[in-house]
Amino acid sequence: MRNPDLDLPLETTAFGRFLLWLTAGLVFLCVLAFAVAAIADAQLTALRQEPRIVTVALPPNPEPAAARREVDDVLAHVRALPGVAYASLIDEAAFGELVDELLVDDAADRATGGLFGARMPLPRLIDIAFNPGAAIDLPALDEDISTLVPGATLGDSGQIERSRERLAVLFRGVAGSFGLLLLAVIVVVVVWLTRAGLEAHRQTIDLLRQMGAGDRYLARQFEQHALAKALRGALLGFALAISVVIVVVYVPTLLGEAPLAAHELAPVHWVLLAMVPVVAALLATLVARLTAHHGLARLR
Amino acid sequence: MRNPDLDLPLETTAFGRFLLWLTAGLVFLCVLAFAVAAIADAQLTALRQEPRIVTVALPPNPEPAAARREVDDVLAHVRALPGVAYASLIDEAAFGELVDELLVDDAADRATGGLFGARMPLPRLIDIAFNPGAAIDLPALDEDISTLVPGATLGDSGQIERSRERLAVLFRGVAGSFGLLLLAVIVVVVVWLTRAGLEAHRQTIDLLRQMGAGDRYLARQFEQHALAKALRGALLGFALAISVVIVVVYVPTLLGEAPLAAHELAPVHWVLLAMVPVVAALLATLVARLTAHHGLARLR
Amino acid sequence: MTGAAATILQLDGVDLRYGDTPPVLHGLDLTLQAGSFHFLSGPSGAGKTSLLRLISLSHPPSRGTVRVFGREIDKINREELATLRQRIGVVFQDFRLLDHLSAFDNVALPLRIGGADEEQTARFVADMLGWLGLGDRLEARPAELSMGQRQLVCIARAVVAKPRLLLADEPTSNIDAKNAERLMNLFIQMHRLGTAVVIATHSAELLRRYPYAVLHIAQGRLTGPRPPAGAASSGTG
Amino acid sequence: MTGAAATILQLDGVDLRYGDTPPVLHGLDLTLQAGSFHFLSGPSGAGKTSLLRLISLSHPPSRGTVRVFGREIDKINREELATLRQRIGVVFQDFRLLDHLSAFDNVALPLRIGGADEEQTARFVADMLGWLGLGDRLEARPAELSMGQRQLVCIARAVVAKPRLLLADEPTSNIDAKNAERLMNLFIQMHRLGTAVVIATHSAELLRRYPYAVLHIAQGRLTGPRPPAGAASSGTG
């Protein structure tokens, strides 16, 4: 008449009552943590996709032939380095314009020849672009170049990017570890709830055993219950977490604040996030089963 | 022989088992949320303490008398505005040095007179410093100034600060509300656990009533239990959260990354954070008492 | 019978029903005087326990009025009800010992709830359990006692606070003949000291051996008090 | 006695102790044949329930060997133990019904655990409870039954799967005389069909009325099987 799997009243004790909500809470936090890691990862990828450009400044040299030689030496040296995508002299007129732009706001002024005209001796700048992700030994490069051309200096425009990169790596690492930690917490919680369930239903278990119920019969009840509750809890936590991600990430983007760039999340990130509740529920089920079997084997 | 408050075996059911851990988890999250709000608040205070400086650029004017008059007009107009702390002309030699510094890395070069010397006509710059927190109508100021001196422009260095300010306000609001929400969750959890406790101990409660135990006798057991468990849980959660704040905030600062500036947290912030576990524990106790009384009144 | 013939309990036209089912008890009228002694008999499922639930104020009547110690229970507030219940001792048919407490603490409950001091409690409880032959099992949990021993603990708990009304539901169902006689003597002693006693039993033996009035319940209706069933003498206590 | 005289259970020099306390049972030797019938008597706390715990394989002996259905229980693995237990029916002194299940589902448990199909289960259970007079209470939870009714449910659960060994601990403690006789007839019927029956009781009445061997336990030692106590005739079943 009734479902024969109702022997153990798991609903009425901690195991049944709390598994759903604790799983929901933990999966919520876990998905949030992995979302932060995914955002950091996406930004890291973006940062690494940008070719990194370092600028070399050679001091002005009034003698055209020597100047040309210096530039050629540096270009030849740099192009031979591994990881360099290209290296080129910024043309002087363009550099003049750049200086004008930096100091003069008014287009009209600039049209009349700017503050400096093009007659001033300017330093010669060489842009070196490295391949994405290439390992660059900037101090060594600095030394090489000042040996080639005394007074030549290496700009440090790469510095800020590298700091952001390190920050993204840090965030990805911390958030990712936190997410894994939370999965471990789910395992601990399920072990703990299953033990509490075994404890709370000790007398009923003894009774069912007396009637000839084997470990498999009993453990199956914990397992099925864990699957049902943990799956529902995990989906609930996932839905909440994804809502929060959307609210926190996209709403400020719409408001024009864009503190985080989630539109950069790749499909693989979304797939990984969607796997969290499934993994959590399966983990809970497996752990409930193993804990129940282990606990039952110890009870007499 | 035994403690007479042991009548209800609250330890053995959800109420006793989970109150501590759930309080610990929720207070942990709550303290983290309030810590984020406090950091945002500290940064907001810092941003608002910085005098905001806006720079006006007047186009070069080769005629000294007219040039001086233009500068005086602008200074007079600006100093009359409400909220202006001071306004002053940046001296030309210093500006020349600034330009040199911007474009020439080498101290030796600079000592020989720099790229430009001091003979070039440069735009004249006026720094306007506003009082902290003053409301500034920048577009109106821009218009006034270009009426006074055609071709004068207003730099927009204030723009970035305002965006950071809005972001800090947003973070403070969101994190603070989340913290309050978590306190509300604690209330809900305690109501829920107390109800579960009443339910689970229904038969024992009936028995104690049959022996003449009044509501106060019974509710006191829930209340005392809640106080003991919630206080321990809250302190545990607090200790964990403060450790996380220290690890996340100070360790990167030591590593030189400083994504957050927690050394700016004021004593009042620390006091408020320290109050979270106390408030949570008292709230839990009060709610357990009221829920128990209410629930007991309904049970027959 | 010693003690003034004050009315301890009075039922007038009382029905009792559980949920929507037909009433289990119909139109009961009953008066219990201080220092009275009644057996309550009837077949299994007749309503003996249900009647004791009414009398012990643990289940409200569906119809009619119940007065205890001169008070109509519909008109009593919760605090007063608790106080009245402290004067009633109940031996439950299913014992209802608290599993997590020792025999000692189980028996001490009514004294502690009544606010007795710990020293007095310790003395009373140890004396009572000692007299019942459980002096060496004070610290045992109910699960560590035999069924008869549990029943003795339940009886000790019901009588330790010297109630003015004692209701015992099959108090000797798991107890051997020798102990049963000791218990009957205890109940008779209490009745002589002024406690009103009602003992529900299906044991023809008890009814035959002890010369007290019998309330008989069948099909939800009460007959009696009938005069003692047999003319046997006994009850040396 | 019908059925082959196969040995169902054999105890050799068995002790039983709980924790560190002195043994509750000492040096027991006992053999139960298929289709035998024994009463187990003794004062409260003598160890009747403890002996039944040994026989029902729910508590291991502290010393000595226990053999059931020809197998020594120390040498049986967990799965086989479960299978052996399915052949033993136990009427617990404290019933041990599952509160959250209906009377029907409680009685169905052993059949379901044994893997019987639902249709057969439904028929067996309804027949059994109907015969015991609980046909209209199939869906009642234990808390909604009188104590005697609960005891009947417990008995129904013990016998429904037709065990080869039936252990009943005070099976009539809360049951009126008429029902008690019906139950005894049921047990006698099962014993005639080959089930070994052991009934623990403190009721001198039962021992007097039914002409079966009595195992007497006192101070942890077993005496008997003694021949039937009285020479009374009875047991019309």
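Letters are used for the chains, namely A, B, C and D, taken in the order the chains are written, and counting of residues starts over at 1 for each.
One rule holds for everything that comes next: a contact is a pair of C-beta atoms (placed from the backbone, for glycine too) under 8 Å apart; a residue touches a chain by one contact, two chains touch by 3 or more.
Everything quoted here is computed from the prediction, not taken from an experiment.
Chemist: Can you list every chain that touches subunit B and also touches subunit D?
Modeler: Neighbours common to subunit B and subunit D are A, C.
Chemist: What chain lies farthest away from subunit C once each centre is taken as the mean of the Cα atoms?
Modeler: In terms of C-alpha centroids, the chain at the greatest distance from subunit C is A.
Chemist: Please tell me the distance, in whole Å, between the geometric centres of subunit B and subunit C computed from their C-alpha atoms.
Modeler: Once rounded, the distance between the two centres reads 66 Å.
Chemist: Centroid from C-alpha atoms only, then distance subunit A to subunit B, rounded to Å. What do you get?
Modeler: Here the centre of subunit B sits 24 Å away from the centre of subunit A.
Chemist: Just curious, how far off is subunit D from subunit C if you go by their C-alpha centres, in Å?
Modeler: 31
Chemist: Specify, in ascending order, the residues of subunit D that touch 2 or more different other chains.
Modeler: In subunit D, no residue touches at least two other chains, as defined above.
Chemist: Going through subunit B residue by residue, note those that touch at least 2 other chains and give them in order.
Modeler: Answer for subunit B, listing residues that touch two or more other chains: 12.
Chemist: What is the shape of the graph in which nodes denote protein chains and edges denote touching chain pairs (line, ring, star, complete, other)?
Modeler: Graph shape, chains as nodes and touching pairs as edges: a ring.
Chemist: Mind giving me all the chain pairs that touch?
Modeler: A-B, A-D, B-C, C-D
Chemist: Can you tell me which positions in subunit D touch subunit C when the two form their complex?
Modeler: Where subunit D meets subunit C, its residues are 18, 43-45, 49, 93-94, 144, 146-149, 169-170, 173-179, 202, 204-205.
Chemist: Can you check the complex and tell me which residues of subunit A touch subunit D?
Modeler: 1-2, 4, 6-7, 9, 12, 203-204, 206-215, 217, 297, 300
Chemist: In their shared complex, at which residues does subunit A touch subunit B?
Modeler: 12-14, 17-18, 25, 29, 57, 59-60, 99, 102-106, 108-109, 115-116, 120-123, 151, 153, 155, 163, 166-167, 170, 174, 196, 200, 248, 252, 257, 259
Chemist: So in the complex, which bits of subunit C are touching subunit B?
Modeler: Of all residues in subunit C, those touching subunit B are 56, 58, 60, 78-79, 82-88, 90, 96, 98-102, 104-105, 108-110, 112-114, 118, 122.
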